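Every chain is named by a letter (A, B, C and D) in the order it is written, and numbering of its residues begins at 1.
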Amino acid sequence: MLTPSAMPRPALRHETVLLAVVLLEWLCFHALGPRFGTLENSFDLLRHSAEIGLLALAMTPVILTGGIDLSVGSLLGLCAVLYGKLWRDAGLDPGAAAGCTLALGALAGGLNAALIAGLRLPPLIVTLGTYSLFRGLAEAITRGADTFTNFPASFLFLGQERWLGLPSQAWLFAAVAAAVWLLVHRTTFGRACRAHGFAPEGARHAGLPAGRQLAAVYMLSGLIAALAAVIYTARLGQARADAGTGYELLAITAVVLGGTSIFGGRGTVHGTLLGVAALAILNNGLVHARQPREVAGLLTGALLLLALAAGTAPRLGTAWRARRAPHPSPS
Amino acid sequence: MSAPLLELRRLTKSFGGARALRGVDFDLRAGEVHALLGENGAGKSTLIRIITGAHRPDGGTVAVDGRPAGPLDPRGAHQLGIACIYQQPALFPDLSIAENLALRLETGGSLRRVDWPARHRRATALLERVGARLDPHREVRDLSMPEQQLVEIACALGAGARIVVMDEPTAALTQAEQTRLHGVVRELRAQGTGVIYITHRLEEIFVLADRVTVLRDGESVGTRPAADLTEPELIRLMVGREVAQPYPPAERPPGGAVLRLRRLGRRDSGVHDVSLDLHAGEILGLAGLVGAGRTELARILFGLTPADAGTIELLGRTVRPRSPREAVEMGLAYVPEDRRRHGVILDLPLAHNASLASHRRLFPGGWLRPAAERRFTEDFIRDLGIRGGGPFAPAGSLSGGNQQKVALARWLATGPRVLILDEPTQGVDIGAKAEIHRLVRRLAGEGLAVLLISSDLPEVIGMSDRIGVMRGGTLTAVLPRDATPDTVMAAALGRATEAAR
Amino acid sequence: MKAWPRELSVGLALAALLGALAVFAPGFFAGPPLLSLAAREAPVLLVACGAAMVIVCRQIDISSGSQFAVVSVAAGLLAAEGWPPAAVAAAALVLGTTLGALNGLLVAGLGLPSIVVTLATMVTWREGLRWWRQGAFVNLPDGLQWLGLDQTAGQWTLIAAALGLFTLLAIASRHLAAGRHLYAVGSDAEAARLAGIRPAAVTFGAFTLAGALTALAALMNVIQSPQVDPKSGTGLELKAIAAVVVGGVAIAGGRGRLAGVLLGLLLLATVAPALTHLRIEAHWEKAIQGAIILLAVAAERARGRPA
Amino acid sequence: GRAPDSARDAAGGGKRLTVALLPKSKGNAYFISCRAGAEKAARALGVDLLFDGPTDTDPAKQNEIIENWINLGVDVIAAACENREGISTALRKAQARGIKVITYDADALPDARAFFVNQATPEGIGHTLMDEAARLTNAEGEFAVILSTLTASNMQEWLKHIRARLAEKYPRMKLVAVRPCDDQKDKAQTEATTLLSAHPGLRLLMNICSPAVPGAAEAVKQAGKAVRVKVIGLGLPSENRRYVKDGVTDSVILWKTEDLGALAVEAAVALAKGTLQPGATSFRTATGATYEVKGDQILLGQPFIFNRDNIDQFNF
């Protein structure tokens, strides 16, 4: 093991390494697949990564507080089903149904919040429970079989068409990304999230409103998951209980690839965005390179290790960090 | 004369760009207490962390018994008979006291069987030796700062080492424990053990040390027999200049009562029936033995462990803070005694740490204003003489004393009505201590009410307008400012009969 | 007021569930099916023990499901090649240990975060296996099932082996210095280093042991049926981690007991069959499972929140 | 586009066609078998075959792959749809770009494809399963269904027809439970074990996803109920041979999966070359076989029922 002082100073920020990886990927696939770089394909890339991207954005502040939200994928499924219910069975118009779905998503996030911030239960267990609960509710509501479809074109516009030259959901995604970036990097809220992630007791002693803080973060996560559900429904033109299965892991992958420490405190929103981009380009590009899906999986694994090894190992070296966790710990 | 027990030659060590040690020579003889002095950030802890193998030096040699010991690691140092009490207790919060001791003391392969009864017996014996009445089954996370320090001391004693290093062992200990520790140190010296002793309480040097080495900015400014030195000389060696009169006098008499406590208590923390008035502009010192309940009282006031009995009246209104956030909104501020766990957030930059409690004041509307924050940080770095990194160095990279200054800066910036200081100058060097004293006195002069909890008896007596003494979870006496150490100790030990009120 | 220990609240939840079964569906307690179910969960117990060790030393391993599949398929193929059972078992153990050690090397040696490392190895092994085998089942030779014992004896053997190993590990984690080192490193790695423990070695050991346990678990699963499904073990890591954290092991390391893990696993493994016995329709199952997890952990706060 | 549409041009210009074949999920033995047939056909026809799909069933992922293929510029897409409505959006888009689309195994909405290569109608499958179940149990007693997941649309479709047939023809039979096995044999074994003990009166286990058939059979065998409880399902002969021979599994229903894959490719190529036109009533493959076309569905033929007597004739 490296002793703290023997480790080199960080040569490059993790985000820089990741940016290089993203560019490299782009060039590589551009060379391999003649149609990879087309505008068409770039737009599709954007559309395909919107939902995972949103979930990853939602997850970033959560992980910064030292928590985790395993329930986002299931909540996406539940919200998709709720949206279908509200529109088809309750007869709301698509806009109103979307509004209600967002509120319900925040409410569901509120359940996580109540258990984590109110009862001070560990986030991992709570969201493991709601991971199952939300998916289960989605299945119970539809009995597993019901599919909502035939949404009006005005709603599908949101997922399938372009607005001002870009896929419509790209605008929403950009707005959420900007909002989360500002929240995390430019407000006292984000600062307090980090403080809590590094040392919950220390943050409490500083008089930070730990409970409210955590509650807000998990409710925000619910809200964004609901938004992702609406976009997902609009993109596929259908809502079903299995929507978003396994997305939580993809979102977490993007976040940790983006350099956020799973133990909290450390991480950036732009890192997360780069992480999302790296994974999305990989998945899309390999189709253009005519490689089977499994290769995407294998390369995801390799990419995770390489990017982190390049970016994290030197950063672990700052002695004060290593002093707290000289054996490996996520950075 | 035989080879010294330990001999360091031209040790150098840098952290990134910062040079903590610039070629230090040091030696320790068997059967001596060698004091290591210096300002905050002078490199004392770095030096001993090299001795114990916690850090690897960049250059220089370490010799034990005249034989060069290659670069040490903690295990190797342990085998050479080196034991250490670290400035930051290096304990396992999730494990019991007995196990903490055992992990540091037991040797042998990792496939050996663990003898729990023996562990507990040994722990009980060691705790008794340092005078700590602690149940060895208790988890360390539940211990208060001084209790942790006692466990650390027990660790160092139990090791039966030939070289014992103590990095500010008494920072959070009261007179009684301190005296007891001195006895133990003398005992070790008599057995031929070499002791390296670091402290910022100069009075300890003269009762304990045989020789003194002073570090300044990572260099040794000389080693002298303690008997040849006077306090002013020592200070000049450390700081390089004279330090003004240590305790500034009160400028004007206290005003009206800001804080009234009546029969305040909380069952599970053992505090009960505390009645007390604290006036604007007054510094009320709180003395007592470890476990007397002073910290617990502060935690009650600050809403960390809300009261379940009695009343708190703040500026004429009855309040009961249920969380630190509420307490802060009411105008309370609390500098906790455990700075590593509570006082600062080690991974956050210094600037973020210092502004953490004043977000509303510094950043109206919740938007960060980096420029304002930077100015604010640079101001207090200058005022408190914080050394070892700019505004964006992580707090954890500062030396212990400098971290303490950051913890203080955070709360001074909030502009509170009542300031509770729990061991505010633990580990702070003499120069900075005087600076802090002046600052606190000035704030009091501006009408702030200060509750000063300190185990540094001269400090309590020197700074306070009145001195409260706690024992067994309640306030047993309030002494006037001309109390002597003896009367305070007598009250703390329960020998006082004239409970002046 | 102190909160209940997690073991107690999980135990209560389990007791409540069993009570409901005793009243409404006593058929649950019929011997042979229960034995079969227990035998099917025996491998999971071993994986959960491995996960517990890793979590106690403040790491996480989410690759165990994929390791399980790789070892299962490899063992199956070797057996189909005609290797004797003992050789198959030895090879599987070596393979599992190697996979675990690889995680350990990346985490402890290179200092990479364990969530990332095991996420990477998880997808790598799973996708690699899919690429290689294309989902084909492996048919095992006759005579490998139950290792030639009769079925009941085989099932008892598996359960006894799993419980025996569990007990050994539980004792070791309390009464062996190495076991305590896991807790020490998980509690504070720097303090452990200063106490002369080598955190990297301990972490490496935990991952390696977890790999070995996963391999054993895979073997115990393979001998329960005459075919190996390369998808086996999908989601196993989540089940194991759920059992561990529900059983009261702190995800931040240093705290928790294996006894709690056993209780947690029993609770989780009872819920699904219980719902079938209680005639609850499948589409309610996940919701109820989630609710039970939440209730079980919320119960520990029932006596009052620690201030 | 920047680059010449090499693949698309090829359709008219005599260069190699690219056929993209989308399974519901990869790593599933059923689709592996389809792929084998498809590859044979592709080689015979001299076309390029792209076979790719999500690693786990996921409608969103299927859409993404199709949209990627659109950008990639394949000539024909043959899709097995995890979810009818969801995928139709993407398939319509492909058609709008001039890519020919057919579906196989599981259909999309009719306007999203030209033809559906139908191995058996959901109705046919449901009825065959139910009839076979009734035959084996003398049309009385309890039975249970194990499926892959509750949300898989073809499972629900089959289940619907199973229930309809049950209500219509077999009043003395009762469907007591429907359990998912997540497409895992091990989980199916556990589910079956639980079902056997929770429903002592159970006479038959009907497994409508392929890994569940051997899983359920093993559970029945271990419970010692091979005689009393019948096992049937949709599965591959290779995975079930042992149990069918042992008399644990009574019948396995399947069509020739390799032929399905091959037919899908044949039809796709014919469609792209214009030799298969809407309104055709029969389809003659390049290898000379003839299939019936009913409306916009190309029929593979009746499913087989594998049992003890004929299982050795099949090796997939």
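Keep in mind that, in the parts below, a residue touches a chain if its C-beta (ideal position, glycine included) is under 8 Å from a C-beta of that chain, and two chains touch if they have at least 3 such contacts.
Since this is a predicted model, take the numbers as computed values, not measurements.
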Chain pair whose interface holds the most contacting C-beta pairs: A-C
Distance from chain D to chain B - Cα centre to Cα centre, in angstrom: 72
Distance from the mean Cα position of chain C to that of chain B, given in whole angstrom: 45
Centroid distance [mean C-alpha coordinates] between chain C and chain A, Å: 28
Whole-Å gap separating chain A and chain D, where each centre is the average of the chain's CA atoms: 34
Where chain D touches two or more other chains, by residue: 26, 55, 150
Touching two or more other chains - residue numbers and ranges from chain A: 139, 142-144, 292-294, 297, 323-324
Touching two or more other chains - residue numbers and ranges from chain C: 127, 130, 190, 192-193, 198, 250, 281-283
Interchain contacts, given as pairs of chains that touch: A-B, A-C, A-D, B-C, C-D
Complex contact set, residues of chain D against chain C: 26-29, 31-32, 55, 150, 177-180, 182-186, 189-191, 193-198, 200, 211, 214-215, 218-219, 222-224, 238-239, 242
Interfacial residue positions of chain B with respect to chain C in the complex: 52, 54, 73-75, 78, 84, 86, 90-95, 99, 102-104, 106, 108-114, 116, 268, 305-306
Complex contacts: residues of chain A adjacent to chain B: 3-6, 9, 186-189, 191-192, 194-195, 198-199, 201-209, 211, 265-266, 318-321, 323-324
Chain A residues within the chain D interface of the complex: 33-38, 40-41, 44, 47-48, 51, 139, 142-145, 147, 149-150, 156, 160, 232, 235-238, 240-246, 283-284, 287-288, 290, 292-294, 297
Contacting residues of chain D [partner chain A, same complex]: 1-3, 26, 50-60, 63-65, 67-73, 83-86, 88-89, 149-151, 153, 156, 159
